[in-house]
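Structures follow.
Here come two complexes built around chain A, the first alongside chain B, the second alongside chain C.
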Partner chain A sequence: MSESQSDTVQLIIPCRPEYVGVARLAVLGIASRMPFSYDEVEDVRLAVGEACTHAVERAGSSPSTIQITSTIGARALLIEVADNVPAGTEPSVPSEEAQNLAEAGVDQQGLGALLMEILVDEVKIDSSAAGTIVRLTKYAPD
Partner chain B sequence: MNLTMNSRTPNETTCILEIEGEIDVYTSPQLKQDIVKLAEAGTKHLIINLSKVEYLDSTGLGVLIGGLKRFREKEGNLVLVGPGMRILRIFEITGLDKIFDIYATEEDAAAKEGVTL
Partner chain C sequence: MTTKKPSQDWTQDDAETLFLRYARTRDSQLRDRLVAMHHNLVRYLAGKFVNRGEPLEDLVQVGTIGLINAIDRFDSGRGTKFSTYATPTIVGEIRRYFRDKAWSLKVPRRLQELNQTAARAQEELSSKLGRPPTIQEVAAKIGASEEETLEAIELGNAYDTVSLDSKVVNDSDSAPLSLAEFVGAEDESLLKIDAYGDLDQAIEKLEPRERAIIIHRFFKDMSQAEVAKQLNISQMHVSRLQNRALAQLKKHMDESIN
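Up next is the complex of A and B:
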């Protein structure tokens, strides 16, 4: 791969729990194309898993999809996790887990977001009526 | 992408649950069901062996915290044993290593929790 070139890999999965593992497996292969350490590859895998989980939890039983676009560049790996779950349609009552976490002083959605923040270098989340896009960037080591 | 759970009950109020595989948004409801069942069956001390867990995400953490709360309310405890480096790191970066009692081995856990295996 030359300095300026970047390769793109796209994957579209149903926005359902049983497919999140499929996305993680694909990302494992994609992140392995970068000069990342084993731990860094695992970090990317978990961050993408959290982004997909966030989409799946908001989707509930509504039929939606997640499109994962990975751009393998010389300096960074950019992974966009885009769903078509409209913002504001998430269940209004928090799950039992979320309530338990809240009582333990932890916010569940915050936990997923916190993991993403720590595991990759940049996280940008854009929500709109069309859905949510989570952009995860992990820089290659110098 | 599977989760296998094996449980042993060394005595009436203690259960060791060994988990193998991935704990994620797909499999964590299965774990939750088992934890609830054990709590309702009168288990007071639940020792969860994580040494064969390869993946754990925020939903898995949520289920474990839910379980912890359930057991501590009954003056019991839910403790974790043998997480690998990757799994332990997830507890550390989320600060949950300070909420859970995490031990290296089942024997350590039993000794500290005052239960006999």
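Up next is the complex of A and C:
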């Protein structure tokens, strides 16, 4: 692949828990196009899974979608996870996981973002009335 | 004024107060309570890594080591939430565990095993159901998630195959050859091996001097000059007799094949 060339893969999934696995599987294949170690591929996959799960939890039962755009470049893999769930939407019923964490004084939303920051090199989150876009960047090893 | 039992007071302490007291006293009982209080955080984070094939309890254990380190180093006066402070330490410990176990080297084997298990389950279910099973049915049968099952079917196969372009080195001096170069083509001369019996008979039909020339030239690897000397004739004569003998043989062989 030349310096300037990059490939793009797009996937649109319903914003529902059973499709998060579909996104994770696709990302596994996409991240494998990069010269990443297996651990790094898994880290990217986990980060995308987190971004999707976050969208799914906010969406609740509203009919929303998640668009995942992956750009496979020579130097980095950029994955955008964009949902159309308006910012500020809170889950109607917090998950059991969220309840457990709340008891320990943990803010789950912040934790998801923190986890993504640990797993990939750059995380940028933009929320608006139109939805949330999470941009994840993982650089190729030198 | 209501009086509370001291023990009740104790349990109602919030994390912040406990951290302040622990920082001052380094009391191991306080630390135990802080560890217990944040057990769910460790479980939550460890749970994110379960699909990498290690038991959740092992991951919770190494994550707890990270938690304890974080509790020991946490300074609540800095204004950072403990969960924010501890998460990188806990996750770091879990990731190091995979790295130290050389986990990535075992991935192909784990997937291959899961792939074989899935293939067996697929066969069993096919004969039981009288139709090919769905991925969900296979996943349920082998006790894996749908995602893991799909991954095992897809990647387990990929790991099983070796690229034809992969380099094979058979000794250190020679340049590596690709595997494709070792893959043989159908050897057509093998198909003709049956005809060798016929060749024997054809040679028998030659007149003695021609037969001698054929045997010396092609079975004993002698040169025309050597044969000429042996038979005490000229090399030109050998050449002529040889050509005639070969034409004879060809004629016999064509007759016996057709």
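Definition applied: the second predicted complex is superposed on the first by the 133 of 142 C-alpha atoms of A that agree within 3 Å, B and C clash if a C-alpha of one lies under 4 Å from a C-alpha of the other, contacts with A are read in each partner's own complex, and residues count from 1 in each chain.
Simple rule for what comes next: a residue touches a chain if its C-beta (ideal position, glycine included) is under 8 Å from a C-beta of that chain, and two chains touch if they have at least 3 such contacts.
Because the structure is predicted, anything quoted here is derived from the model rather than measured.
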Chain A as common anchor, with chain B and chain C clashing or fitting: clash
First (chain B), second (chain C), both or neither touched by A:Ser37: second
Contacts of A:Val56 with chain B and chain C, given as first, second, both or neither: first
Chain B versus chain C as contact partner of A:Leu111, first or second or both or neither: both
Contacts of A:Leu46 with chain B and chain C, given as first, second, both or neither: both
Which superposed partner A:Gly21 touches (first chain B, second chain C, both, neither): both
Chain C region in steric overlap with chain B, selected from 41-49, 149-157 or 167-175: 41-49
Overlap of chain C and chain B interfaces on chain A (superposed complexes): 21, 24-25, 39, 42, 46, 49-50, 97, 100-101, 103-104, 106, 111, 114-115, 118
Residue numbers on chain A that touch chain B, as the complex places them: 17-18, 20-22, 24-25, 39, 42, 46, 49-50, 52-53, 56-57, 95-98, 100-101, 103-104, 106, 108, 111-112, 114-115, 118
Chain A - residues contacting chain C, complex: 21, 24-25, 28, 37-39, 42-43, 46, 49-50, 97, 100-101, 103-107, 110-111, 114-115, 118
Chain B - residues contacting chain A, complex: 1, 22, 24-26, 32, 55, 57-59, 61-63, 65-66, 68-69, 86, 90, 93-94, 96, 99
Chain A-touching residues of chain C, taken from the complex the two chains share: 14-15, 37-41, 43-45, 48-49, 52, 81-84, 87-88, 91-92, 95, 98-99, 103-104, 107, 145-147, 150-151
